[in-house]
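Common to both upcoming complexes is chain A, partnered first by chain B, then by chain C.
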Partner chain A sequence: MSTTSPYRRFRRSLNRVYAPIENRLPTGWVLLTPASALLGFVVAIPLLTALALSFTEYNLTLSTFPTFVGIQNYVQGVVTDGQFLNALINTAVFVVAAVSLEFLLGFGLALLLWEKFPGRGIFRAVLLTPMFIAPVAVGLMFRFIFNSQMGVMPELLGFVGLGDLGWFTDPTLAMLVIVLGDVWQWTPYMVILLLAGLQALPSEPYEAARIDGASSFEQFYEITLPLMRPVIAATLIIRIIDASKVFAKIYTMTSGGPGVATETLAWYIYKTGFQSYHLGIAASQSVTVLLMIIGLGYVQTYVIGQGDEYA
Partner chain B sequence: MNMRKNLIRYPLLALASILALAPTLWMFFTSIKPRELAYQPDAMSFTPTLGAYVEVFTQSAFMLFFFNSLLVGIITTVVSLLVGVLAAYSFARFNTGGLKTQFGFLSAMIFPPVVIIIPMYFIFFEFGLINTRAAIILGHLTFGIPLAIWFLIGFFEELPRELEEAAMIDGDTRLEAIFFILVPSIKEGVIAAGILVFVLSWNNFIYPLILAGNEATRTLPIAVANFNTFQGLLISRMAAGIIVIVLPMFLLAFYVQNYLVQGLAKSGVDG
Partner chain C sequence: MARENSATSNGTKRIGRREFLAGSSTAGVALAAGCAGTGGNGNGGEGETGNGNGNGGGGETGNGDSNGGGEGVEEITVMMENVYDTTIIQNMIDDFESDADFSVTIEAFPYGTMNETITTQLRSSSSNYDVIIVDNPWVGNFVEGELIQPLDERIENSDSISTDVYVDSMWNTVGAVDGTAYMLPFYNYGLSMLYREDIAEEHGVEVPDDGMEMADYLEACAQITEDTGDDFYGAAMQAQRGYKITEEWTNYLYAEDGAILDGGNVVLGEDDSAVSALDNYIENLDTGAPDAAEGWGFNQARQLMQNGNAFSMITYNWMLGRLSDTEVGDNLAIAEVPGSKSVLGAWGWAIPSNLSEARSNAAWEFLEWVESPETRKARCMEGGSPTSTDTLSDDELLNEFPEYYPVVEGILSDAEPLPSIVGGNEMIQTVGTQLSQAVAGNKSSQQAITDATSQLQDIAGN
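Right after this comes the complex of A and B.
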């Protein structure tokens, strides 16, 4: 092969830059540098800026540079703001309802898919499809399906004598449709995470149990559940964190309505920042949410720590 | 014994599969109805038409939005994989900075986008980056890079050290050993990670919504959300838009699902 091909030359010049760096600096940190630099720019700097902005008045309509106002934003936008509390409660209700349904359905399906059987690959492929759909599309689909005039759901419920329940005009039902959309989309993710955990379990305990004549139910309760505890905890954390970010479905399905019944934290912060243009207040709300997530993280690490001891 | 299990298994899985497919199939069904029937759920007999798809692509700059989504997705994926491979290798081989550093990198996935996007809007506004594709890509890197690292660490941990040591004795630098020896031997993992990042970028809504609202940089999720007009005659167009954004992801999903289960088992859900 010719040594002067552009590809060879590129490799050589890359090495000329890289080799001296690796010789002088610790390799691990050198290789980590590109990721650190990019994440620093898109995550760390914005988070610090959010902290700074949260103490300023910054209004998009005024197009002036932010001015310092102390803790006023936190008083106005968090502590004394009933809407913020409302969004916090709605988010909690949504997360608890959606994630517990997803977990029960997901664990059941993962158990059904655990052993090898004819057709497993096809069932798994079909069951996973919803998680690859854009949340915006899921929102529009569910809004259309449950729509009073054009939806197929009121039509179907008509056959059992229920008819149109006014899915988007009743506060509880509106929340229920969003929960259903989320459950439909993300139960597959639960399935895949739990299935990965199940397939990594050792087979010895089950062989021993079978020799002892343990029933399927006993095996599940005595072996599977305890061994799966760390995986279950991690799966729940992943989904709780994800579910608490819900935004696109709210945007497309209800815009927070009826009234403020389905306003979640992400939606409310977006509304404060980009519909009312109070970026400073939105920043203070963001920082508050961030602190709550970190706090929740500590609680959960503690809970998992307990689980590890158990397993 | 097995017979009895299958007697429960197949009906339940069949029911779940129907529920998983029904909403998407209903949208497809709606998209090929003539527009004056699309908003009538009980209109079941009709001559299928692709008119809605023609409308979607001719009555808006949909091709441009499609291209924007593709471009943003590809660049996000390539950058995430490039820096993610290096970082994952660094964590797997050198345990750089210990578990705390590793957790710090992965925690970027935990923060809600809306928390990052408020200051990001301010920074990008000051830098004149608002309404550029670069802004969307930078936004998508907030989840692309941590996801690639998280997914790939497990794959690198399984490779024997001898693999790159042999290459380095033969005169390759470490960088060459990583990209030309190690990456090809964990090809499946890298492809799966790349597809995951691409899917998340393709489907992402909040970053393009806030960082790039104008027509030149609009991506598909924004374009589809704009079809959110519940006027009966436009329903078939909305349905067609949804099918266009969903279909490429379904193809990727069928391709990637095997690797995905393997990969998640490796990356250790409890890690």
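Right after this comes the complex of A and C.
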């Protein structure tokens, strides 16, 4: 007569419970479930709610329940709203200016940091500092830097006769200050991503190019740029999406002014939703912006993805 | 015998992937929703888990406190703006707590974050705040949306609150709406003109207490700016887009006998007063103020004034007290705004509708204390902003503030608020955007007023 230890009996009981579940629910699904549920809650539900809200009339202070109005919000708040178009243009100007400068500076600095030189670690650490500052704080900093009464920039420019520039009253200069604030803060982000891409490049093509007598510029143009294309595409897409949501710097620096010169999409949607309380219209504008950004991402990925890749 | 697909051989029901995912998603959402619903309100553990709306405290599972005082409430939270009047109350709160059965937490916010914070709180199933303060542009929407409680019954049964004492303009702005009391006036920020007596004397400018004529003011600002060189200006202006420019410009509009609304009707563009006021405003920006003032808000203008670089500033009347300790304090004086009729800014105390009876009662107990004659006077003695006739005529206060109180009385006697009807906040932003475009040179004054009028009519439904 054989005896079974308590431990074996316990294991057997466990197997009886878990084996059927494991057979029918692959471990991957089980492990995926908590993260999926969380992601669904924090991403899908708000998105679907916004989508549903965009087809309703809903005033934050007056309406108890949203009323279905079809595509009226899209017509009123997007298609026929001149201020939305103005905000779209301003956002495009901001994104193109800021992301272009960030990319050019970021790529340049990444190439610099790719080379080994004394103090590179310290330089890299200092370079990354602006990224860790909240956008609101950056906005306030630049507001003070360009403050006409006590700002350091008007003071310095005063030495060359440019101390009276209306940094926050001239539409172009106001946009420029916001762009500069964004460039200062997010160029390091470009550096990190592009430097990671550069460091992952294979050395063989460069060795072959050197043997063939290629100059540094030829190596950069013929090898580095093509190989970096996917990294550049990803970096630009991330920054474009992020830059299109610029809000805190507008809030702290210009409130969208002078006039409507720095009113961007995020600011305009905020105004529509939380200052005018028209949540339905604000939702339709948000959904439109989301679709635009998704479309832009696809186009950009396609365009930059064209061409030869190193194999 | 065929085996059913959905069951195992031992009878255990088989779970399909799709069913599992659907179930787990629902569970996740339910779990998350549950967390949101039972998050508590930080107000003494009333244990609210429901989502009722209105005054009955729907869904309360807490301390069975349906009636009578603030029984069971251990703490109330008051949402306020971080201004001097709030500091005064924070310093006095021990007096209230020593007699009350609950404590009071005051959360003071910067103005820019208050509107959306309050609105979302009032829209939620239960507000985290037991007492809120309401700025006059929000009144129309909050009342129409039934977001704040009517107070008539409580006032009628109160021994310490009498609405008769409030100055009419204050009571009509942040007290009663269509004959029903929804708020108790807290403090006024009626606009005044602060100016430098020494500069006025030096340049031969006469400033009567009831305000200069607008034409004289524009001339004085231009002359002082021209005479004093680059570092000194006639006016510290604040033409920042949005609320600030609307608030400042509307004083110029009143000086031209104009108005934005008449009752619920838009009258802004009906005559040439608005265009004329905007021309005057732009003229003063061009000839009497720093160029940068086109983008300035309150802080930058105050800085110019307190640094001794400006003759005048159209600003809140209580700024006289705030600037008295600065280097220009000894020479600072107050008068009514040019044209005499000023914009009335006003805050009122209110109780959110989405509170339980017990929390509402506790909130009212606090309001009865803070707006009692004794506390009101004590607040004013500390430099608080007066709202009532009894404080404005109080001998002790008049002795303490002999120059300030008569001017404030004059301001409050005929001051009118910015739009406070439904859509008031949107109207102010709309006007501010159009004014800013005219100031920036993107539109003529006429075009800006025409566009503003058209947009206001859309908002008002005229």
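One rule holds for everything that comes next: the second predicted complex is superposed on the first by the 278 of 311 C-alpha atoms of A that agree within 3 Å, B and C clash if a C-alpha of one lies under 4 Å from a C-alpha of the other, contacts with A are read in each partner's own complex, and residues count from 1 in each chain.
Definition applied: contacts are C-beta pairs under 8 Å (C-beta built on N, C-alpha and C of every residue); 3 or more make two chains touch, one makes a residue touch a chain.
Predicted, not measured: the structure shown is a model, and the values here were computed from it.
If you count the residues of chain A touched by chain B and by chain C, you find the higher number for B. Shared-chain residue A:A174: touches chain C; no touch with chain B. With both structures placed on the common chain, the touch criterion links A:R11 to chain B but leaves chain C unconnected. By the document's definition of touching, of the two partners only chain C reaches A:Q275; chain B does not. Applying the stated contact rule after C-alpha superposition, one finds that A:R24 touches chain C and leaves chain B untouched.
In the superposition on chain A, contact is made by A:K245 with chain B only, not with chain C. Touch criterion met: A:G166 reaches chain C, while chain B stays clear of it. Contacts of A:L53 after superposition on the shared chain: chain B is touched, whereas chain C is not. Legend: residue contacts after superposition of the two complexes on their common chain; A:V260 is shown touching chain C, with no touch to chain B.
In the superposed model, A:T61 lies in contact with chain C only, and not with chain B. Overlap of the chain B and chain C interfaces on chain A comprises residues 29, 34, 36, 38, 41, 45, 147, 149-150, 251, 274. Residue ranges on chain A touching chain B, taken from their complex, read 11, 14-15, 18-19, 22, 26-29, 31-32, 34-36, 38-39, 41-43, 45-50, 53, 58, 66, 108-109, 112-113, 115, 117, 119, 121, 123-137, 140-145, 147, 149-152, 155, 184, 188, 192-193, 195-197, 199-200, 230-231, 233-235, 238, 241, 244-245, 247-248, 251-252, 265-266, 269-270, 273-274, 279, 282-283, 286-287, 289-290, 293, 297. Listed in rising order, the residues of chain A touching chain C in the complex are 20-21, 24-25, 29, 33-34, 36-38, 40-41, 45, 59-63, 147-150, 164, 166-169, 171, 174, 251, 254-261, 271, 274-277. If you check the complex, the residues on chain C that touch chain A are 8, 10, 12, 14-15, 17, 20-21, 24-25, 27-29, 32, 112, 115-116, 119-120, 122-123, 141-142, 144-145, 147, 240-242, 290-292, 294-295, 297, 300, 303-304, 307, 309, 422-423, 425-426, 429, 433, 436-437, 439-440, 442-443. By the touch rule above, chain B contacts chain A in their complex via residues 5-6, 9-10, 12-13, 16-17, 19-21, 23-24, 26-27, 30, 39-42, 79, 82-84, 86-87, 89-91, 93-97, 101, 105, 108, 110-123, 138-139, 141-142, 145-146, 149, 173-176, 178, 199, 202-203, 205-206, 209-210, 220-221, 224-225, 227-228, 230, 232, 235, 238-239, 242, 245-246, 249-250, 252-254, 257-258, 260-262, 264-265, 269-271.
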